[in-house]
Amino acid sequence: MMLTLKPGTSKAQLDAISKKIEDLGFSPHITHGKEVTVIGVIGENAILTRDIFEAMDAVEAVTPISKPYKLVSREFKKDNTVIHLSHGVQVGAEHVIVMAGPCSVDTKERLLYTAEAVRAAGAKVLRGGAFKPRTSPYAFQGHGEKALRFLAEAGKLTKMPVITEVMNVNDVKLVEEYADVIQIGARNVQNFDLLKAVGKAKKPVLLKRGLATTIQEWLMSAEYIMTNGNYNLMLCERGIRTFETATRFTLDLNAIPVIRHLSHLPIIIDPSHGVGVREYIPSLAKAAVAAGADGLIIEVHPKPEEALSDGPQSLLPDQFAKLMAELRSIALAVGRAI
Amino acid sequence: MMLTLKPGTSKAQLDAISKKIEDLGFSPHITHGKEVTVIGVIGENAILTRDIFEAMDAVEAVTPISKPYKLVSREFKKDNTVIHLSHGVQVGAEHVIVMAGPCSVDTKERLLYTAEAVRAAGAKVLRGGAFKPRTSPYAFQGHGEKALRFLAEAGKLTKMPVITEVMNVNDVKLVEEYADVIQIGARNVQNFDLLKAVGKAKKPVLLKRGLATTIQEWLMSAEYIMTNGNYNLMLCERGIRTFETATRFTLDLNAIPVIRHLSHLPIIIDPSHGVGVREYIPSLAKAAVAAGADGLIIEVHPKPEEALSDGPQSLLPDQFAKLMAELRSIALAVGRAI
Amino acid sequence: MMLTLKPGTSKAQLDAISKKIEDLGFSPHITHGKEVTVIGVIGENAILTRDIFEAMDAVEAVTPISKPYKLVSREFKKDNTVIHLSHGVQVGAEHVIVMAGPCSVDTKERLLYTAEAVRAAGAKVLRGGAFKPRTSPYAFQGHGEKALRFLAEAGKLTKMPVITEVMNVNDVKLVEEYADVIQIGARNVQNFDLLKAVGKAKKPVLLKRGLATTIQEWLMSAEYIMTNGNYNLMLCERGIRTFETATRFTLDLNAIPVIRHLSHLPIIIDPSHGVGVREYIPSLAKAAVAAGADGLIIEVHPKPEEALSDGPQSLLPDQFAKLMAELRSIALAVGRAI
Amino acid sequence: MMLTLKPGTSKAQLDAISKKIEDLGFSPHITHGKEVTVIGVIGENAILTRDIFEAMDAVEAVTPISKPYKLVSREFKKDNTVIHLSHGVQVGAEHVIVMAGPCSVDTKERLLYTAEAVRAAGAKVLRGGAFKPRTSPYAFQGHGEKALRFLAEAGKLTKMPVITEVMNVNDVKLVEEYADVIQIGARNVQNFDLLKAVGKAKKPVLLKRGLATTIQEWLMSAEYIMTNGNYNLMLCERGIRTFETATRFTLDLNAIPVIRHLSHLPIIIDPSHGVGVREYIPSLAKAAVAAGADGLIIEVHPKPEEALSDGPQSLLPDQFAKLMAELRSIALAVGRAI
């Protein structure tokens, strides 16, 4: 951590700062520049004392040098993390894993129909919502445990691990019982108690990025999960909020190479929520695979206009099958498979 | 709700859409424009069926006409809501209410010292964090129940109602027991289960806007609380996330006249978190009062460099007292008092 | 254009608005909803009178229905525009066109060396800056006409059309003389006089999107060029400004399917400026081709640390050659060639 | 400037970087931290060589320490700049200067009527557009020189200096002839050739912040004007582009204390464009004065529904007069006058 001092800082102030650094167990390292003086605070976890120095009047700015996260970082673990799910599915290995299914689980029949269709097209994981975070209190909020049961059943019948979202610390045990992967949604990316709870769960977690979460903050939320003991963690980019309104959100594919550079965790892309318009999804799904994503999560529904949520961005089963064929070619072109 | 159809929509498609509208219990109202055709969907809560129409191929766009929230709206209640707290404090009435205190509660002595100082300067509500949402798992997370106890005690001794944040549905009962106002933080603005829980609480709620929450979404989160029965609700703007990095966030004072226009709920401004730099806070606090805010919430700490969190943005007690004097003049200039 | 009236609008106000609509030569079409009344303003170019209605007190909101641009729209021209450059290069046809070269032109030798290298790797157009828009007045501003001369010469020798930026209406003639494609940079996307000037030029134009330009505004800037007579226009996405700081800008690949849907103009992607970090560029270049871009524009420099600008985001010639091989596979996978 | 090296940088690489620093005429100053090594590059204007180091593979990040602008900075000039206009008007001194008038100049009669009205209410400068930057090529583009003539005449008759926008380097001489203050609009904030041109003009300049211009970039654009010799410069915040759509832009009042801290230049606020909705303007105008703005620029039109542009955000003369009375009280409350 480097402290830039305000012009005109006195010798006495400089000494006081140096003393404070030493009192905290670090070493000060002073650089007198032409215009300003900079003090390096040397020692492990110096960054955790940032606020102390930032609160001082003589300090103009504090610049972190080392990264504020550890376990999630590429420095901590050189090799890519591979997560093993049931039915032999591996996330983060050679295969690009496509997760597909309806936004919300509605009837058992329709779910099963969709599950079989996406399975036939090459999906490896079944997605479906039981607890739904909805902006409006008047909107459908999910079928809860019943939906979890349908989902587990459909997964078993079609031999696919299932993924579903948990919104509440009190539901973690329940979701863990039925699901193979626990999803944390964008709106809960900084629900720290929930992060701690899934950090103690035994099932893998998929952590979505929030609408306005920087990549660094997202990795720190991931760190919450890992420090609580759960190392089977994948990250999922699902669109950030920008000024653009032609798409629902701005799917940020830049996150793929950045996460690859900074972390060993698998990176999944959700084009359905990211762009929010059915006809734009295939283009972005293909881009994600070309950019190096480890997986995709895509909404598919046989009757979008009857879906309980997110109909406008759900692909029809035959659109999904067509997309899968195209994705296969792209995967091959980048040395992977689907 | 208005549906804009794609150019080239056939008569058969138009009829099918009209029939669907009628099947759902609404009336279709068709306008043939020069270039496009628009169908009005007439009937109460038509907007709740938005997704159904947006999922249709012939529909280019869906435009909501009526607002998606009710109880929080100015149409629902013409007069400003006034919230009555203990010690005769009223939020939303003539007085601009200043809430002040440390970011995190540390020692009992220091809290009491700060409480007395802010009380003397004119603050009417004592703030202090017991449960702290922190970006990093390695940062101080709050003293929990012990801090709640100190806070309640300090409030009693200085005759001020107290406000503190709750982060977890399981802590709502506990916080309700000690606090006069329950705060929902920015990162939980769309933690819908938490909103429902405080909607059932008996104490007033202060709902902070999220970093990337539109005013409409924020009002819909408020609607979650009101539909669950809690009408003692105040809104708090605390800075949104933009591209600008000269300030920690961008305090959005535009929200004051907008909320005043759209809703009957009191609007509080948090310049401390909004701008995040001590020396910029007075300027924005004054602006907030001039713009018509019903209250301010400001961090004050006697030794910012020893604060357990947010030292860099905490005012010293004497800076706070000086600010209060200036705020008093502004309040008078806009026909209010402090 | 639809006008939503405020609740409580009187019959007299409604009649006055209807009369105003008729006076302007349009037809009013009234829909009485459950909660609000909406008036359609029917007639060509009704949207141009938007401000008149928005300025009326009884009007709550004005909703455009038809698009505010014409010549650039897919409705105006169904087929993709193909632009023919010298040396048989076609932009917008089967081949994905890669434009490459240094950010700024420095020495003639180095430019020629780079031109030959990118040509050998498969680039079809040579890029290079003569006039450089620089945030700081103290930064290198480009070699001007001398650079234009070098560029034209290098293009001739390597049989590549050249592209370069113009910043000033007074330089349009000069740039037109030397360049095959005139570039309008992001910071000039709403420099309307410059748009008009290149609209009258005889050479094709590449129009970059601004840092905070919505896709609709960008298309309206393109409309400025087309209404002035220049139909040889390509659009270039180069990164938008968001809250994320891990990349220099956020390259918005969502723009590819959106532009494809709304317009017939070719869409080019600039990953170099978009992400701003050398090691992230290949990933995003591949994504762009997979998403359906018609071309890429990439910065290449043999000695980035000696480049006069943008060294940090310039690929080395061998990195570029490796990327081109990968792009070729992706292009094939989506049914195109490079 | 501080260079953070990548973990694992070799001694040889470190030496090479040190040598490069010395070759450029600076001194290297090395700090070995627990996890990373940082090199300070000591010497005047070291920051101008930033790209050279950022382009090096061993350099993880470059952190500027000193500011990239000089003449505009508070360090360069401690006292606030005061700009003297005709008729004894001073911007940046005790009085908060209100500039008012129509968005676009239409008829001479109406302009004169408006000028007299705003003058009577206390405005000190007359604003009016002759050249209008319009998003759509089909929208009214301003009456050009005729409007300039009307404006100069109205200013003379009402004894007010006038301000108007210039969009094109070729119009600077013309505008300078008629106007007392030359305005650079938001969309031209990085039109560097235009900045240089007004930097050579003899009249004071008002430089608006761009929609997505950071405060630092804005100050660097101001630096362009000052390095070209024009020191009579004021800055104008007019709303930035964010995700929020309830207002047209997000007026960023945080800029007031930030500019005050970083620069000696006067800061003017434009609430009309910033918020874009008539009824929200008074609230934000009052906030701006309370926050410490040196002036306001406000659109006033006697018949907004007949205005050639920006009718929806124009105040009526009597609304303006009422606002001026309120602003006067606020100005007094912060120790100033209007």
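So that you can tell them apart, the chains are marked A, B, C and D in the order they are listed, and the count of residues begins at 1 in each.
Note that in this section a residue touches a chain if its C-beta (ideal position, glycine included) is under 8 Å from a C-beta of that chain, and two chains touch if they have at least 3 such contacts.
If you're wondering where the values come from, they're calculated on a predicted model, not measured in any experiment.
In terms of the distance between Cα centroids, chain A is separated most widely from D. By number of C-beta pairs in contact, A-B leads when A-B and A-D are compared. Centres computed as Cα averages put chain A at a distance of 31 Å from chain C. Put simply, the C-alpha centre of chain A and that of chain B have 26 angstrom between them. A straight line joining the Cα centres of chain A and chain D is 38 Å long. Residues of chain A in contact with at least two other chains: 212, 241-243, 245.
The touching residues of chain B, counted against chain D in their complex, run 212, 214-216, 240, 242-247, 250-254, 256-258, 260-262, 274-275, 279-280, 282-284, 286-292, 326, 329-330, 332-334. Chain contact summary for the complex, chain B toward chain C: residues 2, 4, 7, 29, 31-36, 38, 40, 42-44, 46, 63, 65-66, 75, 212, 241-243, 245.
In the complex of the two chains, the chain A residues touching chain B come out as 20, 45, 48, 51-56, 68-69, 133-139, 141, 167-170, 187-188, 190-193, 210-212, 217, 220-221, 223-224, 227-228, 241, 278, 304-307, 309-312, 314.
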